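Note that the chains take the letters A, B and C in the order they are written out, and that residue 1 is the start of every chain.
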Amino acid sequence: MKHVLSASQFSREKILSLFATADRLKRERKDHGVLDYLRGKLVYLLFYEPSTRTRTSFGLAARYLGGRTDFTEAAGIFSSAAKGETLEDTIRVLQSYEIDAIVIRHKERGAAEAAARVAGIPIINAGDGDGEHPTQALLDLYTIVSNVRRDEIVVAMGGDLKHGRTVRSLCRLIIKYAADDAKFCLVFCSPPELAMRDDVLDELRAAGIPFSVTDNLSETLPACDVFYQTRVQRERFANALLGDAAFLDVQTRFALNAANVATMKPDAIILHPLPRVGEISPDVDADPRAKYFPEQTRNGLYVRMALLLTILRPDAV
Amino acid sequence: MKHVLSASQFSREKILSLFATADRLKRERKDHGVLDYLRGKLVYLLFYEPSTRTRTSFGLAARYLGGRTDFTEAAGIFSSAAKGETLEDTIRVLQSYEIDAIVIRHKERGAAEAAARVAGIPIINAGDGDGEHPTQALLDLYTIVSNVRRDEIVVAMGGDLKHGRTVRSLCRLIIKYAADDAKFCLVFCSPPELAMRDDVLDELRAAGIPFSVTDNLSETLPACDVFYQTRVQRERFANALLGDAAFLDVQTRFALNAANVATMKPDAIILHPLPRVGEISPDVDADPRAKYFPEQTRNGLYVRMALLLTILRPDAV
Amino acid sequence: MKHVLSASQFSREKILSLFATADRLKRERKDHGVLDYLRGKLVYLLFYEPSTRTRTSFGLAARYLGGRTDFTEAAGIFSSAAKGETLEDTIRVLQSYEIDAIVIRHKERGAAEAAARVAGIPIINAGDGDGEHPTQALLDLYTIVSNVRRDEIVVAMGGDLKHGRTVRSLCRLIIKYAADDAKFCLVFCSPPELAMRDDVLDELRAAGIPFSVTDNLSETLPACDVFYQTRVQRERFANALLGDAAFLDVQTRFALNAANVATMKPDAIILHPLPRVGEISPDVDADPRAKYFPEQTRNGLYVRMALLLTILRPDAV
């Protein structure tokens, strides 16, 4: 593994290995605090669009392993990009500074792949527009499999499934991870306008992962082991058919709250890639099934540590 | 002491202890350079509004003690906040990343308290709108008591006393610090439109701290031991009664300059929370009574080091 | 050497010493990774205008030597400057925080000199408007002399020679570096509207450095040992005589591409301060004469390391 570009690049074996490494790093960090694996390594966080959460999570992952980081928080506004420099040139310059890896977040789909084509050092995709967000998918799946011990896991996904890159990446990772003794069944629960796109549905069919499509939240909730809620992003609809009233209607009808969460299985879990706005009511936060924080976000730290270790110190895995 | 939210939370004993710790850290740093107390600790600087000065001061304080920092410089623009995430959620996510403390600067009064309500780790208020700025008050008082050795210290405050959170926090800290052998007398010297608000005056009355209110700078200067000048912020008046001409008139009439500073006591001191614009003329800078830099700003570094040490390593105090 | 403000401040001996130190640090870093010379030192990167490239290069230079850094990426927008604080006050405050050097990037010519006048610590000019960019000139010259071994080096400069601070600083550094056994001949190749200004031409005449002025790129390319291309910045012409069509015409006529680069000497080199937009076609990148990355940019790292070492640890040079 050199680059991390897409959830589809992982094999079941690689995913299991990463999760085992994450488990191990949790234990080591509990015992030793800051670790020493990445001493002398520098990870550059090249963020073209804002994401304090993801940038901080990657940065701390590198530093908790003993590495160093440098970053730019809004490369699109501040850096040479504003003067017209191509992403490829920016990558070439950064790697000439003798850094060890670049974590990239970009507004445009395919940006991480474009970076990887010219890079001699590892490129890690931290989200490329409406493309992929593979480390988010890894931390999501890690949270699912470390909580749900069943032969077949029913994962419902809610919210904006059409534009959300996290649900798309998670589906692709589940395809890679699923096995005879690790079966999945997916439920896509959204308003029809925001339904999961055909490309992912076709991939699921090809992989033999059963799924259903519905706009009925009240039927979905009691049936699932995992409800993965996502944000309906108002900005996705700036120039779209849905107006502001429709946006609010969608957000309200598909929101989780204490009342409808009460219908879920007692050992189901609720996830969210965050930030959450109105689609999970705060009265759900105290429910033991709510895992979006701190568990899911903390898992992001450890999955990213596992990835960085695997890429930069394969000898230490 | 877990959180640092308000100047009012400190007792005289705690303040004396912090100042003694600041003194001690000055000596230790002179002897040893970077210290080691916060090894393995990570302090997150969560700034929703710009403040290079305060952010740098807190960040270096943590690092000179051997700690690490991460920061966002404009969380309000760049972070998930722009997508509508609540402050509480941001705090929950950050602390899931196994950090040790959050220093928060926010545009809205009460933000630090809101953060503290959901935080399991220490929250340090680095300024919340027109609310408080307790570490500024601590460094101000530290600079006062380490310079002025009198039984009763006359502290005059000038500029915008109505909106200035530094003068409000300093008054509240003086209330806590004052004692029979450490008497204070306050003079609030400002145009009537910018006078200190009643809430603070009531607190002073209740505490038995004498004060007077005046708009006469020339009478105030010769009488005080400390003149604490503050900036009249043009932006505070965007939609207010004072127009731009009135703003300039106020700034000019209440400014310190070499001529009127000459009327001050020879051992008086001049402080300013900075940035200073026109309210202290540069011809005052060379006056030995001018302590706003480097002494007052440097004291900010040491007072913040003392606070971080007290909160994160109480065993080392 | 205390401050680094202008290319003109260096003597030939000092330049040779810096280049020897850069060579030595390359070797040491290859053997030892992160070095230890700046342990306990803090370099502050005070950037009033965006420059991810220069900021990162300086920051990593300090850190690869074992130092620490703090930075602000857009001081003009975010810091106290937005409230009206003078540059001088900002410098006074920063140095009160016990930092060891300030690297400053500012939109206005003369800003670094202004900072140096009030600073007790070293100030390093990382570009001041259309003034100077001395460390860029140092890395450019270092790349030239480590590639071209001739008694007389013909350096052609192309693009916007009127506004480009890099070419101006490079000329001034060549004046200081030139010697009987290190002769230079300059060719300024640009449209007349963007010709090198008289101040630099006068300095070259006074120093006895031969030069010619031309707008003929096809004659210039075969004759030079170094072609130093620069960006024609659209923003320089916002309110100028040249319109947008003229800008594109200039950019096209004076651009390097595989076809015209083929006419260059086989051992010539092509440099560019970057970012490059359209003035060097990507089809030149694979040409062995193209040194703009990774060599030239990497040299920036080592020249800056050499400078920081010379200034902050003269005993270790």
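The working rule: a residue touches a chain if its C-beta (ideal position, glycine included) is under 8 Å from a C-beta of that chain, and two chains touch if they have at least 3 such contacts.
Predicted model only: the values in this text are computed from it and were never measured.
Superposing the C-alpha atoms of chain B onto those of chain C requires a rotation of 120 degrees, given to the nearest 5. At the interface between chain A and chain C, two copies of one sequence, fewer than half of the residue numbers in use are shared by both copies.
Note on chain placement: the centre of chain A and the centre of chain C lie 40 Å apart, centres being C-alpha means.
Residue positions of chain A touching 2 or more other chains: 73.
Those residues of chain A whose C-beta lies close enough to touch chain B in the complex are 29, 33-34, 50-53, 56-57, 59-60, 63-64, 73-74, 231, 233, 274-277, 293-295, 297-298, 301. Of all the residues in chain B, the ones that touch chain A in their complex are 40, 42, 44, 68, 70, 72-73, 75, 77-80, 82-85, 89-90, 92-99.
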